[in-house]
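Look at the two complexes coming up: chain A is in both, with chain B in one and chain C in the other.
The block that comes next holds the complex of A and B.
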């Protein structure tokens, strides 16, 4: 009963002319035409490549090595700026000396000790006066730290935000689509989560999960979904009664298909904007957590820990650690936000042909 | 001053409105909404008379009217002259315009619910222009508001002053809007489709009210409508617009009795009428083409073709005692039953059409959705192919579901904006495994597109790239992908322009003849129902009050309610004589 009723010749001719494009494939085709979006995608990809390289130990593996003098300035500033400090210390050491060798009972043994000391001498590399982007208090390379730190920070930011968005979207979709008892139960859960001050909630989760990158991702995901849930729920409530969803039901589309094939692409702009907002805020949250000693462990570095250190350094005039951390963060966060914006536009077929 | 008496209240001279559409390659793009080829729109509104602007959507009638008080979007650039009482309004300063709006020129819009502020009581909203323009005190303004509400025929005006918009019905809201417009006794009332969102009976009341007020207040009215039937009843002068140009203007009698322009004639011909029952409706382009070819004889032959229906066709759908109740929460634990549909019975034969008419809130849409189980029914049986649809579960239900399909009213909302037309058409076939593979399904989808009058290039496009009529065709094609036997058309042509409506109605008729489809045609428009239906159910408050053959029902309605509905249908100029 379902045999097609048209002549095969016309059908074949037209099938060739109009291939069905999936939502995502069509979106990718539109995305590729967005120059800003493509640039930002390249930048984000670069960061991800950097993280992989760090994880593999190719870049910045020796970030803990104390290569330079304490607070060595960047190359482009030059050692001159730094010279004032150590030279002052040297001048006190060069005070006129008094020869005590006549009265010193240990004088005969100095030569022997010097010989023994020469045998034990470690080959400590000479500390450099300047480093590519300066050094921190211990003389570690700030650039290496920032690169190493990007691994932790981006992991925390992106994975945490993805996790939170996933929870928020799925719960919001169920609550908004079904309403009724399901909605009431999820609203109750939402109310419980939002009634506790967020920092307290984070502490509670941190106390259970302990320290480390994985824990921070888990904590931020489990506490940060509420706002997304609320917005996605509203979108689903709005769309669930729209006629196109009714039409989908009339043709027999399953609940799952209606929720995630029909409604979700129409609510994707909310989800994407929330995702990029949360990436930024989670990178900042990691700073707070690390500062409070609940974040990453002491032998790890993140942009957050760098910023925490930079606070005290800034007073001494050593600005490079702050600039390195914020620079890396700003470029990533901006590129990521613009990328999600471009993605949102690409997913909206109404904008096709307007660019 | 004697010249002033002769001069019209408002004259629009060579008005053109362009919209800036952003820059493209450094060049400012403009789109002309009113006026074409250097010729703008010109017409005049004399004192104490009603001028109607008629045209289909996109004809520029609203933009023209809104240029008068300059209620245009920021990117509009009007040019020409709009002379109101000797002043050119296009050159007026914002302050002068503000003093004019509401005071001299007042507007009533289409959607009363959207035009009233939902968080203020209506009394305060009527009083606002009185305080603003006339400098009345709050107390005096309130008293005046009460008088105005009484004048527009709202019962218990004192109590209504404190009512919020949502507590009033659509007709009452529109009365409040009119009261607001009249508050400062304007010389000119611009009514932009004031009755389009209302039921026929309410429309009748509002039209009578407007005509009466115009008489009493001795004001002029610029009445904008797409409905020639309405225009014929209310207007003194008619201006017919198409594509931003005036096609024809003149006294109402001349426009209706001896239209000069081919478009006007086509517009008059393509509207289904109660007193005339053609086999097919004429479509504007056909009509103009036919006139050009002077093939009047052929058209007449087509119009009088007899309606053939096989009265003994097998029954495909039988409904017995269908009921649907909604429960409203009341108090802490209580709930109140609201009977949206009660005890509906009917039989639908193959190839036949059952029309369902009623005012909004009569339960006709709920009834349609319940048939499909988009609402779970409270009671009753829907027998389809000898089996009760409502008792089926799981796969059996899914299998039968494809045999009854629905087309919704709003073609802008019923297609998923993120799906291409191809995806929209393939999805139902994939769900029900119609066709062996995607290639076969695609071929079938393309054939259906062709059948509803769209070409294959539509396949890869998105819904927003189509007009309302085209979208409704796509929605019909989607319903047909599953080869249904019954199609529920829920106000399927109500949102369309008359000419497009005629095309879609003809398409539905052709499909019915070709595929033997049975329709349940839900509509508030009796003329359309008369055109397409064999049998008609009249619903009121969830009950069927009358059930009869379409011709019998119109010729001899038994129920008072049906007579009222029929009496309210605008019949154009002839009936008004």
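The block that comes next holds the complex of A and C.
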């Protein structure tokens, strides 16, 4: 952290305590006092641990295995009553059987096929009547799906937000630091991107890129950088004329060093808070994009694809997939939002209590 | 005033040009080959070549950009690749459905969120205030999609208060029968973030000096909030509504798809899924124009709300 020129008061303070606290350490000390913030940090860390475990293949690796019966209910609900089964079978049995073997062209080969089928060993995998949190239409474990889906959704949110933040920060830094022609050009770009309603812009990008995690990250990053750009630009404009930057210039610091070694750390709290705000909003976008069929590809599971399946399941009375996806998402997003609030309070005490 | 308008309109030209270039090169560089999309899977190479010739795809990029610009200016985009419907008639036939749903949502959102936010701001710091903030945080963390799925299931399927979905040619039937459920769900979801936002606007104003002065001269808290704070907070609130305003022309994609409402949003999504480029390009460019005009209108409204604002 670069220290701006010290005012007499801070100079005195630093004399009193041999070495003044760094900004990050002070922020951490403030953050640690926030009990809600610490709880949320723990929850977010838990999710990140879960994601790493999924990525390493320790948890929910076999989420595509069909472990249970179709729509097997959760353990605590108990196995579904089989009232409808026998009566349906009885009604089909009553239909008169007509011998078609004289007209059926395939009839001569039935015996041959039966013999060949007998040579092959098929093992009927035992399907459970109930699973910890139920099963979907194919009998896949909903809990495994939700865990696997968390990995995909959070991955999209975090990577997309990182990408958007990178674009926004770099462009904002150039625009704010140089101003003039460069600033005008970048402002023009900003105006172009913001004059198109964001969801429409996302769709236009989605129309030309494919499906899949990579595309969603790309789309969200390329369309979502504008807010960060604006804030970072304002910070750089403010800092570029400050004394510490001029001093750095006087001792021969290069443009690059002034921008990214001197100013950026002083604007990094804005960047960090924006990054986490965007993680939350991108996770929500991913859910909607996946529902609309523009999100992750069909062989992947995310909270969005789970909710898309849940729509028709709910009408049939199978609520567990909806609850699982919603629960996993709500806990993470709430914890992450509250963590962001606490982070903002810790990094910028002036803002405390405004919202 | 007149000079201001002229200058603002003039300033839109480069931005609009940027939008046109963005859309043109986005589809040119990353989109698939239009001739192959149009020709379908069974097209012979000769047919594809023919389509190329017809669309001018064999000409240099600058000429193609010229064709593109001419389409924009003349409002003639030809026909949709997928449905053969004229793209220009698309807006006329889809916009009414979108507006039937979106205008009530925008109005109800504002009418509900402003009093809620004022009420919460009036009891700021109390247990009620904090409880409402916690509830809205949790409510916001659940995807809009979940509310729509559960809302349709509960209100239409279980309780039978509304039809599950549908749309007719009659505006009145749509507004009274089919639109209420989507509107209700969108407002239920929209009010909570708006309340949070407007509350912070009110709190900003409550901290100002003029409020202290008003208290010092003995005004009631009610008069302070309704007369002084509300009026001053209208400026950021108006900005926020202005930001949302262009959205009513796009519609909520999710709601239109979910409830099968034949609006612009659903049309764009269908176009995206069918790689129907003319429709996507036309909608994107015209909506960008509308957005810019609405932003200008919002700026003019400031002047009306706050006489101190100088338009320059």
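By definition in this document, the second predicted complex is superposed on the first by the 211 of 355 C-alpha atoms of A that agree within 3 Å, B and C clash if a C-alpha of one lies under 4 Å from a C-alpha of the other, contacts with A are read in each partner's own complex, and residues count from 1 in each chain.
Simple rule for what comes next: contacts are C-beta pairs under 8 Å (C-beta built on N, C-alpha and C of every residue); 3 or more make two chains touch, one makes a residue touch a chain.
Just so you know, these numbers come straight off a predicted model, no measurement behind them.
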*First (chain B), second (chain C), both or neither touched by A:307*: second
- Task: Determine, under the contact definition given at the top, whether A:205 touches first (chain B), second (chain C), both, or neither.
- Result: second
Query = Which partner does A:138 contact after superposing on A: first (chain B), second (chain C), both, neither?
reply = neither
Q. Once the shared chain is lined up, is A:253 touching chain B (first), chain C (second), both, or neither of them?
A. first
According to the stated criteria, A:337 is in contact with first (chain B), second (chain C), both, or neither; which is it?
second
Item to complete: Could you tell me if A:107 is touching chain B, chain C, both of them or neither one (first, second, both, neither)?
Response: neither
- Message: A:316 in the overlay: touching chain B, chain C, both, or neither? Say first, second, both or neither.
- Response: neither
Per the contact definition in the header, classify A:55: touching chain B only (first), chain C only (second), both, or neither.
neither
Listed in rising order, the residues of chain A that touch chain C in the complex are 188-189, 191-193, 195-197, 199-201, 203-209, 280, 284, 287-288, 291-294, 303-304, 307, 310-311, 314-315, 322, 326, 329-334, 337-338, 354-355
In the complex, chain B touches chain A at residues 369, 372, 374, 398, 401-402, 405-406, 408-410, 413-420, 422-423, 426-428, 431-432, 434-435, 438-440, 442-444, 446-447, 450, 456-460, 462, 464, 475, 478-479, 481-483
Given the complex, residues on chain C that touch chain A span 14-16, 18-19, 22-23, 26-27, 30-32, 137-138, 140-146, 149-150, 153, 157, 196, 199-200, 203-204, 246-247, 250, 253-254, 257, 268-269, 271-273, 275, 277, 280-281, 283-284, 287-288, 291-292
Listed in rising order, chain A residues that touch chain B in their complex are 1-2, 4-6, 8, 10-15, 17-23, 26, 242-244, 246-254, 257, 262, 265-266, 347-350, 352
